[in-house]
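Consider the two complexes below, in which chain A is the common component and chain B and chain C are the respective partners.
Then we have the complex of A and B:
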């Protein structure tokens, strides 16, 4: 079966003036068609880099060292400019974190949607599908005249107008207030399900993930450290980092009890990490964890990157 | 949308009034024939010659009006050329980055490293003094200033999500540049254009003052100031007209530029999300 998205051992460095920073250190992720996958992790864990790589949208300062990204079995690395444009247009959609910033401030909504989607379909219908009241008024508005929630709905309508196979949503609700948040996510997921679009949701918000995504992948230090069905990953995490993450969710803790935080800071890698990137903060680390890179291990339908997973330490 | 503030608006009004005055004078012969000898040489201002007469007995008023027109038109033409070239270079360099950016910016840096008047003298030496030398000098002096600022603006804009969004929707390079980058740097171009216009008037003044720009008998602000300095002690009124016009024109262009800049500043003109 061809995967919707197949990221294999991706290594990406950002080359700065005086140093290199490793953003992805051998990340692997696959998605089936129509599947909704949540990619969670702290800032700097490599989520956004992985998301951009899925559209070959990495900035020029990014150096793709090794690995491969394929969309529907087609590797993006060697595509001609004309072909990558076609792949992006027909198969990919992106929703961004800052909804106003994702719209061109110099153009009315109607005009920029027409520009983005060409002659396909009515813009009014597209706006109605994302449950915007008064689409006529929205079409005539400039982006700065819309609220964050409205702008994000427009962004979603634009991203889904071409009925893409894969929608990459990079923290789409982080800039919205909590009441609008659920509503916007519901809209994205409902429309994507209807069109058979797979969603890669990049987020910090574990509670949003647990209700909407069937699978989740946890990133740490530029690698996917645990990947499996959402409910199982959250209820019985196998990787110590996932376990710590699950314990730090406010909803899972009784009122009055302290939330548990993870000691230390996430690593900033400059080259391949020698062992497990989490070893320095892990309560169960042993010598092997610091010196030997863990390899993906299949356990109960999940993929885990941990030397001690068989011992059931977490 | 905020409106221009009072100072900027008075600058705009003064400039428009100046342009209208010059055009009306050109069409109706207001103030008389700039080349006709009307009275004694170096006569002080009087009812027949409001700004006095020059060393040949020509009335100064029509010469100032003609000179203002020449200086403004010359600078405007040059700045238009600069705007086209600098915008094209700046947008391409800012968006594409890489080798193109390096080449454009290093060439611009070399131009920028010359003092304006030295560069202008060099140009005049190469193309012979005259109108075209003045225009070419203004273009060469203002291109580095404008290219750098437009490039910086284009660089910022090209990292915005709406540009990524356009790329995802399958937009080709010309559409990304023309529909998204260009409209978003247009404000910067307008503001830099006003500054370039005032620099242009100054460069023309300097060059013509040195005898390398506009050539007599044609008048320009620089030519008139140059003629006036010779008789500074006997006939100071010769400097008064062109000097005051030069100062006020540049001042009003600059305050207009500041007003435009403030108006286009996203921090003050855009609502919070």
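Then we have the complex of A and C:
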């Protein structure tokens, strides 16, 4: 079976003026066609890098050390510039965090959309599909005249106009008001389901994930540490980090129970992590965790990166 | 309507600026040491002669009266007569302005276009070697003074027959071919600075725009680099480039003194500088006021363009 997205052991460094920072330290993730996967992790966990890599959109400072990314069986690394542009146009869609910044400030919405989608259907229809009330007015408007929610709907309309196979949404609602968030996410998921588009939702908003994505992948220190069906991962986490993450979500704790924060800070890697990246913050860490890199272990339809998963420590 | 209100406000503030400039020039000329009479009559003239000369030009009146008189006549296009040659200043400036205008246009228009194109190329090219070369060349072009570039040009073109004439200016109306042959070299010397300054600004502006999120978005949609530059980069990077281009142009309009001297061009710059050394109040005042007016006008045009380019400024609806 060909995967919609197949990221295999991806290692990416950012080369800064005075040092290297490792953003992905052997990350692996696969998605089936039409699947909606949430990629969850703190800032700096590498999820944005993974999302960008899915369209070969990494900035020039990024150095892809090893590993591979394939979309529908086609490895992106070796593609010609013309071919990767075609893949982006036909198979991929991206929605980013800053909705207004993602639009050209000097161009009316109608023109930008025409430019983005060529002559694939009516722009008015596209805007109506993302539930914008007054499409005519939006088309005449400049980006700064729109609210964040409206601008993000425009961004979604542009990203989905070609009915891509995969939509990568990088914190699409982080900049929006909380009421608008649910509404925008509902729109994205409804439209994607209708078109058979798979969604990779990058977020740290676990409550948004639980209702919408069938699968979730948790990232920590540039690796996917736990990957499985959302409900099971949240209700019975196998990786200590996932467990800590689940306990820090308001909706996941019983009334009167304290919300837990995870002690310590996420690591900033400069090269390959010697052992498990979470070992320094993990209550169950032993010598092996600090010195030996954990390998993916399959447990009950989940993939977990933890030496002690068999002991059921978390 | 918005455009009208905007233009009216700009015009009003331009008029106010010009008034301020006129007061400043008028005052500054009177503060310069060495009276007019001494310069004209020499140090050996008798006090009576000096008094007579000073009185005949109205230089004994209170300074406010002098200023009012000047401004009043200046409004009618009369800037008085040169205190040295007794020729009408307006006529002299009028005959010299075309030379300066021609020099400005011939250096600014090609200079800005070439500079902008180079800047875009340097910014878009990923190759670090081209970028480094561009940086060195533009730094050199901006920092080399006109008298160095001009001096080298004069030497090369007068020592070896390279096709362009050094000096030998005739008005365009008399003999276009000879005029152009004489103007190309001085215009090119000025263009070195224009090209370098524009290229640098353009490169920085384009690089800034290339880091904007909407560029990433355009890339993620599979737009080609050329389409991105044409549709998203040019317009967004245009503003700083326009501002620099206008400043350079306005500066050239004020008279490229050194180049005019080097190539013996009868432009505004050399006229005004000569007048300063002779305390020729009328000429200096009129010349500086003209330069200021052109500067303000150029800036106004650019402000308007910037307003049209960037909808966030709310000039056009």
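Criterion: the second predicted complex is superposed on the first by the 310 of 314 C-alpha atoms of A that agree within 3 Å, B and C clash if a C-alpha of one lies under 4 Å from a C-alpha of the other, contacts with A are read in each partner's own complex, and residues count from 1 in each chain.
Here, a residue touches a chain if its C-beta (ideal position, glycine included) is under 8 Å from a C-beta of that chain, and two chains touch if they have at least 3 such contacts.
Since the model is a prediction, treat every value here as computed from it, not as a measurement.
Undergrad: Put the two structures on top of each other at chain A: do chain B and chain C fit, or clash?
TA: Pair status: clash.
Undergrad: Applying the document's definition of touch, where does A:175 land relative to chain B and chain C: first, second, both, or neither?
TA: Once the two structures are laid over each other on A, A:175 reaches chain B alone.
Undergrad: State whether chain B or chain C is in contact with more residues of chain A in the superposed arrangement.
TA: Touching more of chain A: B.
Undergrad: For A:205, select first, second, both or neither according to whether it touches chain B, chain C, the two together, or no partner.
TA: Neither chain B nor chain C is touched by A:205.
Undergrad: Considering only the touch criterion stated at the top, classify A:151 as touching first (chain B), second (chain C), both, or neither.
TA: Touch status of A:151: first partner only.
Undergrad: First (chain B), second (chain C), both or neither: which does A:88 touch?
TA: Both chain B and chain C are touched by A:88.
Undergrad: In the superposed arrangement, does A:74 touch chain B (first), chain C (second), both or neither?
TA: Touch status of A:74: no partner.
Undergrad: For chain A, which residues lie in the overlap of the chain B contacts and the chain C contacts?
TA: Looking at chain A, the two contact sets intersect at 55, 57, 60, 85-86, 88-90, 92-94, 96, 98, 101-107, 115-116, 144, 155, 158-159.
Undergrad: Within the complex, which stretch of chain A touches chain C?
TA: 55, 57, 60, 84-90, 92-94, 96, 98, 101-107, 115-116, 142, 144, 155, 158-159
Undergrad: Across the complex, what residues on chain C touch chain A?
TA: Answer in residue numbers: 126, 212-214, 216-224, 227, 231-232, 235-236, 309-312.
Undergrad: Once bound in the complex, which stretches of chain B touch chain A?
TA: 97-98, 159-162, 164-172, 175, 179-180, 183-184, 186, 266, 270-271, 273
Undergrad: Where on chain A is chain B touching in the complex?
TA: These residues of chain A touch chain B: 55, 57, 59-60, 85-86, 88-90, 92-94, 96-107, 112, 115-117, 144-145, 147-148, 151, 155, 158-159, 162, 175.
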